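Next come two complexes, and both contain subunit A; in the first it sits with subunit B, in the second with subunit C.
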Partner chain A sequence: MKVGTRMARRGSNTLFFAGLLGLSLPVLFLIFFPLGRLVTAPTFEDLVHAIREADVQAALLRSLLTALGAALVSLVFGTPLAYLLSRRDFPGKKLVEGLIDLPIMIPHPVIGIAILGLATRDTVFGRILEWMGIQVMGTYAGIVAVLTFVGLPFFLNTAKAAFESVPERLEHVSMGLGAGSLSTFFRVTLPLSWRGIVLGMVMCTARAISEFGAVIVVAYHPMLAPVLIYERFTAYGLKYSQPVAVWLIVISVILFVAMRFLSRPVRQW
Partner chain B sequence: MLKIEGLTVEVPGFVLRDVNLEIAKGEFFAIMGPTGSGKSLLVEAITGLLPSNMLDFEGSIWRNGKEITHLPPNRRNIGILYQDVALFPHMTVEQNISYGLRYCKGNGANAQKRFQFFVKRFDLGHILHRYPARISGGERQRVALARVLVLDPDVVLLDEPISGLDPLFQGDIRRLLRQLHSELGITFVMVSHDFEEVMYLAQKGAVIHQGQVVQQAQIDEIFNRPASTFVARFVGAKNVFKVRFENGLAYIGSTSVRIADACLVPDFDHIVIRPEKIVPVLDMPDIRTGLENMFWGKVLEMSYCNFSVHLKIQKDETIFRAVWPEIYVRKMGLHVGKKVGFAFNKADVSTFREAK
Partner chain C sequence: MKKIGFILSVSIFFLFIHFVTSYAQKRPEGKLVVFHAGSLSVPFAMIEKAFEEKYPDVDVLREAGGSTKMARLISEVGKPADVMAAADYTVIDDLLIPRFTDWQVRFASNQLVLCYTSKSRYADKVNGRNWYKILQEKGVIWGQADPNLDPCGYRALMVMQLAERFYRSPGLYGRLLASRSEAAIRPKSVELISLLKTGNIDYAWEYLSVALQHGLKYVRLPDEINLGNSEFDSFYRLAKVKVTGRKPGTWTVKTGKSCTYGVTILKDSANKEAAVAFVEYLINPEGGLRILQESGQAPIIPCLTGSVQMYQALPDVLRKLVRPQ
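Moving on, here comes the complex of A and B:
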């Protein structure tokens, strides 16, 4: 190839990538600029003052614990479903998969209303909950229920992908070597997919900790951090809500970094 | 030992139909067939791995006189070695080999003895603490084999055990399997489409085509006396001709072929001659001795492969295929278009009647 032709091709490549970068900038701006502005807006004193407030501490802790609670519920009840969907074909499977993704699409206040509607005395489920002494409106149970509802699709899809990444052949070998299905799951499938499952929990927690629309319908109190931020914004304005928002971001980042660290691929093999 | 009776399995888009196999204790049995013929489905049926919700299952499978058709895979005592060996990547070699021991009935001392025996027999002592990703392909194959054999299974299924291996290790594993078979009398059932592997290892076998067993016999017989055009072509017997039989001779068009009486099948309408059985007629009288079918033809095509030459030779309207050593071809100065003499023994002609 002639030197001139090569240089012309290199020039056209550079132009192409410069174009890509130019078109990407608005997206990066949209993500980083508001967040950067938010994080740098409050002074250090504002942040210290905010975190010393009992209401802020309680709301942040509640957000963290209820989001983790939702992730835990997803882990216990979502793992079997994710495994089933990854390994078996059955009539209506596509429908089930579609239903799982539904919470991602529907407006979140609608989720809150739906959960509340199910828990009324008019329904069998509501009467069972009442018999068990479980209330949904204004309780942690209600909050965890809606957070699970919004976070579950993220857990299920990630866990399902993790199970699918384990070759079914290994499970067959395990069974051929005398292990039953349960033993195979705990000795082969889970050790090879747990990082994906932890990642699913991270996704679920991430979704749950940021939920506002569904939570405010089910429980204004006990107050979660997003509700507190909203309350302070509407009552006192932007400046007063920003420090709490920064602390919520900080806690979320710490939590996700820690969970990502735990689930990092440390391959001995 | 292992008996399959009237096995019919239907999965979406495929039917394994009325499979009957009988494999004796200590036998090395080969199941052969092209890709998509149903070999893997048969293996899954034998091991009990077929998902029960997606199949129509008929027939029965017996092991040592006991029906195992409905037993789960973990209670069949049938070991399986896959082509990709499928070692557990998160376990060391030691953990892989001892994986199934906790499910073994009987005392632990015996299990430990077997573990030690196979570690020593397969020379795995120095890699026991390594992970599968850190060992060679041949070592992986030996670990997978040890993992199965340590459980003392009644039958070991080998799913294309050698074809996926680096050619460097293929000979080693082939020899190892043969030694194990003769030393320990293990019953092996091997799925393969590698003729060389089958000829080297197996005594008996079956050919599967479109979900049906089309021939079950001694390996020599399958290779030298194929029972249909499909089997003949599948086992590389490329000279398959439709013939008419008159006055003790088979006619391929105008070319008459002599056939040994022992090779005659009632009402046959096809003959088969393996390309390796057709020899060049050299200027050497001893080579010609005993070759009852001798012809002249014209070389149509020549292709070189592994120091052999694959030839197409036209005799009247019939094309014969032969495989000759390169050295003969050079000596004869063969080239496309040249006239050449070729011959084959009447005992090397097999016959069959094609099923309608």
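Moving on, here comes the complex of A and C:
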């Protein structure tokens, strides 16, 4: 009787996992099939020709640098907030956490319009920006502002989780031994959580490099890669836009693999 | 039994009449996809409403953009459309004839003005005589549509070329281009309006009809350079602008001409009936043309077409409303 139930259990387990795999196939298909078609559609000459064009090179470089810029801004200004949210409880904390996720839900052109509206000359804030000589429309400042807006939730959530994975006990021990809060942060918390923070930057960069709807409202020129791809598609069709799309995917993949590689866990002895 | 038989035969009789009459009437119905220039957005919204009241079974789906871009969506990208209304009929001639259509009807004109708002720098000083000096002033941000995607873009360049000749100021065109901010170039001319209204740019090249429709202040330019008066076509012809061709890296030259809007029905239209009804309404002096006039855009009455062959290629009902060349 015991043998029978064990074998029956193993059989139903295999069936269960077979079912899981079967139901996962459509999802995997949805993700990989269109991308696979896209990546294999352009010919080698198309790809070489595209990457040689100055416009394409400039757009890809701009996308890369502005996305990394947004990640950097998120790092500098988001880390304190992420640490605060991971360690402190305060009234309204749930509200703040909900608001942080708001940028994910807002339609992208609306984000662009909102940020453009910041700089209008008939608001006090707009006039301060004007006095400082900061322009939003069609500038890298405006682009990075928009990209940071959309990428920040991804960085914050990942960094917060990274800080939460560091036991508070260790920080208390450190302070008990005489180190100050700042010293504890840099010498105890950060070394244990920096990989999570780098992952947060990866997520932020990934989100930022693909942004289109918000960017095209704020800045048509200077042109980022997604805007160039869209313009090429509407003006010339698939043949001239697919190669640029492939290059953007290739560069993104290289970037993310590199970032993940650099933050791989040290081999356990 | 007899009663049921009577009712049945009467019902069948009425059903038969209904089908015969509906087939005979061939009322337009279904989806109608209309691509049109951004500058036609406001009047076409009104025309759509009036047309759908007249033909309630038709659902008009409009998509607006730079006319060149919209034409390329048809010719290069293969996006399906029934009607195409461009701000420049030569866009239809260059990109759609003969593969996608055989004719165009010219139904309206327009002229270029320099738009601004009360928030614009030097708004209180700008006029028809000093506009080209103010555009060059430091700190003034002025914009235009992308010449490769929107006729308003290359027309703006033509106005500035003509200004150089008209004001006898050699090098003016070059100087104006140098003062233009690349960030203020947009693919669709009407996008500039939101930038004007939010104070992100000070001046923008727009059509007069658009300025009137959106309540913008504008500087009227002399007829010799505003591309609005066909009597000056021989002067307008002196302006030439290079724009991108069908493939990246190729170019075509656009020659200055008074703004003339054109409309056509695509050969591959999925709903020819509704398309013909729509264009018939549009080019009717009591229908679409009146709406255009009330929206601040001068219609061409009666409508014109390109040649005798083109006139022959028109659908029958449209020929009545178009003057044979």
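The rule is simple: the second predicted complex is superposed on the first by the 252 of 269 C-alpha atoms of A that agree within 3 Å, B and C clash if a C-alpha of one lies under 4 Å from a C-alpha of the other, contacts with A are read in each partner's own complex, and residues count from 1 in each chain.
Keep in mind that, in the parts below, contacts are C-beta pairs under 8 Å (C-beta built on N, C-alpha and C of every residue); 3 or more make two chains touch, one makes a residue touch a chain.
Being a predicted model, the structure only gives us computed values, none of them experimental.
Bringing the complexes onto one copy of subunit A puts subunit B beside subunit C with no clash.
By the touch criterion stated above, A:Gly180 is placed in contact with subunit B alone, subunit C being left untouched. In the superposition on chain A, contact of A:Leu170 is made with subunit B only, not with subunit C.
With both structures placed on the common chain, the touch criterion links A:Ala208 to neither subunit B nor subunit C. Look at A:Ala219: by the touch rule set out above, it reaches subunit C but stays clear of subunit B. If you stand at the C-alpha centre of subunit A, subunit B and subunit C are 150 degrees apart, rounded to the nearest 10.
In the superposed model, A:Gly237 lies in contact with subunit C only, and not with subunit B. Judged by the touch definition given at the top, the superposed model places A:Ala119 against subunit C, while subunit B stays out of reach. Between subunit B and subunit C, the minimal CA-CA distance in the chain A superposition rounds to 44 Å. Residue ranges on subunit A touching subunit B, taken from their complex, read 88-90, 167, 169-170, 172-180, 183, 187-188, 191-192, 268-269.
Contact residues of subunit C toward subunit A in the complex are 65, 69, 72-73, 76-78, 119, 146, 148-149, 181-187, 195, 198-201, 244, 246-248.
The part of subunit B that touches subunit A in the complex is made up of residues 47-49, 51, 53-54, 72-74, 78-80, 82, 84, 86, 88-90, 99-100, 103-104, 131-134, 147-148, 151.
Here subunit A touches subunit C in the complex through residues 53, 116-117, 119-122, 126, 136-139, 219-222, 231-238, 240, going by the rule given at the top.
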